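Below you'll find a set of structures to go through.
Look at the two complexes coming up: chain A is in both, with chain B in one and chain C in the other.
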Partner chain A sequence: MSFPKRAFPWQKWVMTAVMVLGLIWSAFITDAHIGKFFENFGEFTKIFIDMCHPDWAYTPYVFGPMVETIKMAVIGTLIGSLLAFPYALLVARNIVTNKVVVGLFRFILNIVRTVPDLMLAALFVAVVGIGPVAGVITLAIFTFGMVGKLFYEAVETIDPGPLEAVRAAGAGKLEIIRFAVFPQIANYFVSYVLYAFEINVRASTVLGYLGAGGIGVYLQQALSMFRYDRVGLMVLVIFIVVLAIDYVSGKTREALL
Partner chain B sequence: MAEPKPVIEFEHVNKIYSNGVVGLKDIELTIMPGEFVVVVGLSGAGKSTLMRAVNRLHDISTGDIRIDGESITKARGKQLLHIRRKIGMIFQNFNLVKRATVLKNVLTGRVGYYPTWKMLFGLFSAEDKQRAYEALQTVELEDKVYTRADQLSGGQQQRVSIARALTQSPRIILADEPIASLDPQTTKRVMDDLRRINQELGITVLINLHNVELALEYGTRIVGIRAGEKVFDGPVADADAATMAQIYTGQEEG
Partner chain C sequence: MTETKKLPKAPAQHRWYFWVGWALVLLLIGWSFTGMPSFALKENAVVVAKSMWHGLTHPDWAYVWTGDGEDLTNALLQTFGIAFLGTFISAIISLPFAFWAAHTPNRFWLTSRSGKFILTAIRTFPEIVMALMFIKAVGPGSFAGVLAVGFHSVGMLAKLFSEAIENMDSGAGESVTAAGGNRLEVTLLASLPQLLPEFVSNTLYRFELAIRSASILGMVGAGGVGTPLIFAIQTRSWSRVGIILIGIIIMVTAVDWLSGTLRKRLV
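The block that comes next holds the complex of A and B.
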């Protein structure tokens, strides 16, 4: 008996070819040539060398804005997460069985998630003015969208058994959430909040660039004045702080799950 | 002395699922206080549906179910919750919150007795903590109070869930295949606990079992279910081999 021959996977190869051609074509029409990168490489090395000689005398002026950045991230994460908690329960299919309610509120959550954080920052800088308040609002909304989604997905994976048991004992909806849902997801929630905080510290440094407070404001000033020695210092400080926060939060999350 | 009143009454109970499958067919059942009733039948015969109809975890289509003379079928809101708290339930998969301690799990049996706001803060009274501890003593697990539920063996978890049901101070305990995922030794332990609760505390037990030998050993009364219909109902003494075979196969033997 001969070994059966597999039909030639035309579809797979055609799709691959289309994608590769599409990639090349998009590179051409957007004028993104690798050559351009090397053309200006000299400029890049010059800036890089400048950045490697940080202006240490500027250090005391960096701490204030760095702390402000972290504060923005903390408050933004906190507000966003606190709002996301009840909202996630509202859009979890195993908690709210009404399909219309779940569908509608999920749609709203998805819309919130599609707005880029930079656009939110630009918007709130225009609305509440330059400063950390705009940053906090931006981060709160950004966190709400991100944590809300992570969180309702966690809620939907819980064991339904305890819910049934607590219901059988005569508990109402809120009591079921308190005694059967919450204990199963509390650790995930804390973990996701820390994860959001990690992202927010990084994001908030950039948000300042748009005037939303924190170290980004100073970064933008230094860049526009071509003070690459100061930029170098700030990049270094941001690097160390982000690394430290990621490490601590990462270890905590490992211990939680 | 007044005649004892039935604790569970099924009156022409029908359950038809939304996909047209018949779950229960014209069930008539009256259970008196202190009985140990074993429901037997094949998988999918409707045993679990019958159990969940009693505390209305599943709604029935037509008919009426009364607990202590009060209709649970017509009960609304708080009234329904108050009937439910009279009925403890234990499950095949124990249904404990695995990340929580034994004590927290057992205390949840008490939630039906508190206003919601108190429960949101988890404010159980010292009296109820004592009650939970005593329930754990009944199943001889008092040394595990602060152990996390997932640290216990299957048999121990099932006994914790019995303690949770006891903490409810129930009139009735429903047990839905409580020993299906346990080994023979722990099975005996759990069944003995249920018998003791039935005999010493006078709590009515309604249990469904796969195992015919266990049904005959522990039950005082057997109810046979086939394809959603009650095909046998009588004391254990009347449930001979031929009757059991008929419940399971639907054919007279010999």
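The block that comes next holds the complex of A and C.
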């Protein structure tokens, strides 16, 4: 008895070779020296220990910016989702049947999604000036890209039955959306908006680093003054707020779906 | 035969907490608008926006390749390298964390709970702050970016890994044990073949995100394309910003597509 011969797994070997070459190449191009890391490890642990001794006296000053951060996230999420809702209907294949329109607007959405949030923040700080408004615009665009995709994917998976029924009864486009599409996806929409809000709270904490308002501004100041005890305090506050918001939003989403 | 007929559930609008929830949301939104500075455009905002638009639509093509190593191609390759090496490091660090945080039967609940807590803490720690800490340790440059991506990604990657471990089918392992296999053989013959495709797929997904972080970490001095970008924004050379933006969009799209194709074949 003999076993069937296995084909030479050349694909595996090619992948492994690509991985190893990529590793060597990336270590070369990024000047990676693991020795350098351990050499200065003392510096790193010093910062870390500083951060583990938060400057509690600074707490009252952190409270205001943190609230501003949350406000930025709320408004950004609101504007972004409001824009994303009609846009998602425009790029859903089962609502708009014109392939050119769908293709074009999807392309735009995909490009918006690839731009990193901090880069948007840097651009908008240059346009509208330093302050939370730049942060809100950044978060709105960021939300628009993220939620727009989730929205249209949800719209495309709905049951076509009600759509046909409402259409057969002589409804126009808006009535189809109101009576056939919206009831099927409302819960998903709310859930996705909450999810976007969670991500926005995290994102908004660092936007201030480039001047876009919120706690990031203070984080940047503390970092440039090497006040790692204050940095530690702010990181702790961010952690608590993010955990609390994640918890509430997670419970709500569970109840919705 | 009795069959109890159930009425369909009342629509959400008939329940009190539906309206209370919406009232709370509206209150939250109203509160958020208080204390926000009014959206007053600075006088020169229109001028800036106009020159920005002109620059973004007339990108500086000459910057793509200058041959002296200070051009866009080089910066993008460096960004790619940061993401690649960073993701590789984080995949290795993630393995022990994943087994620690995975909640499997016959394990003390505190073990996995504490592991999950640490992963959440790593995830919430702002990546920029981490990058600045590493810049202090190894000096400004790509290597700080590699370390920041490498350590920050652990929070998410180990979470995905541990979920893969939790969802693993225990049947294969039990049959290896039944055939007389020891623990090592269970790992090699049952666990690894099931987990490896999932792990690779998760790592590829994390790599897509790492490309995005690597392209902005340079803004604080951690190497990659972010450094020329922040210089270009500060000096308001919008045509240069335009070409860098195009470069990043092309790279991110290409990596997303490649990784998506590979992941589809894996799982």
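Odds and ends about this structure:
By definition in this document, the second predicted complex is superposed on the first by the 254 of 257 C-alpha atoms of A that agree within 3 Å, B and C clash if a C-alpha of one lies under 4 Å from a C-alpha of the other, contacts with A are read in each partner's own complex, and residues count from 1 in each chain.
In this section, contacts are C-beta pairs under 8 Å (C-beta built on N, C-alpha and C of every residue); 3 or more make two chains touch, one makes a residue touch a chain.
Keep in mind the model is a prediction, meaning the values are calculated, not measured.
With both complexes placed on chain A, chain A has more residues touched by C than by the other of chain B and chain C. In the overlay built on the shared chain, the residue A:V166 is in contact with chain B alone; chain C does not reach it.
Of the two partner chains placed around the shared chain by superposition, neither chain B nor chain C is touched by A:G208. Looking at the shared chain after the overlay, A:L174 reaches chain B, while chain C stays out of its contact range. Applying the stated contact rule after C-alpha superposition, one finds that A:F41 touches chain C and leaves chain B untouched.
Put simply, chain B touches chain A in their complex at residues 55, 57, 81-85, 87-89, 91, 93-100, 104, 108-112, 116, 119-120, 122, 161, 164, 168, 174.
Interface residues of chain A facing chain B in the complex, by the touch rule stated above, are 159, 161-162, 164-172, 174-175, 178-180, 183-184, 187.
By the touch rule above, chain C contacts chain A in their complex via residues 21, 28-29, 31-33, 35-37, 39, 41-42, 45, 48-49, 52, 77-78, 80-82, 84-85, 88, 120-121, 124-129, 132-134, 136-139, 141-143, 145-147, 212-213, 215-216, 219-220, 223, 226, 229-230, 233, 236, 241, 245, 248-249, 252-253, 256. Here chain A touches chain C in the complex through residues 22-23, 25-33, 36-37, 40-41, 43-44, 47-48, 68, 70-71, 74-75, 78, 110-111, 114-119, 122-123, 126-129, 131-133, 136, 202, 205-206, 209-210, 219, 223, 231, 235, 238-239, 242-243, 252, going by the rule given at the top.
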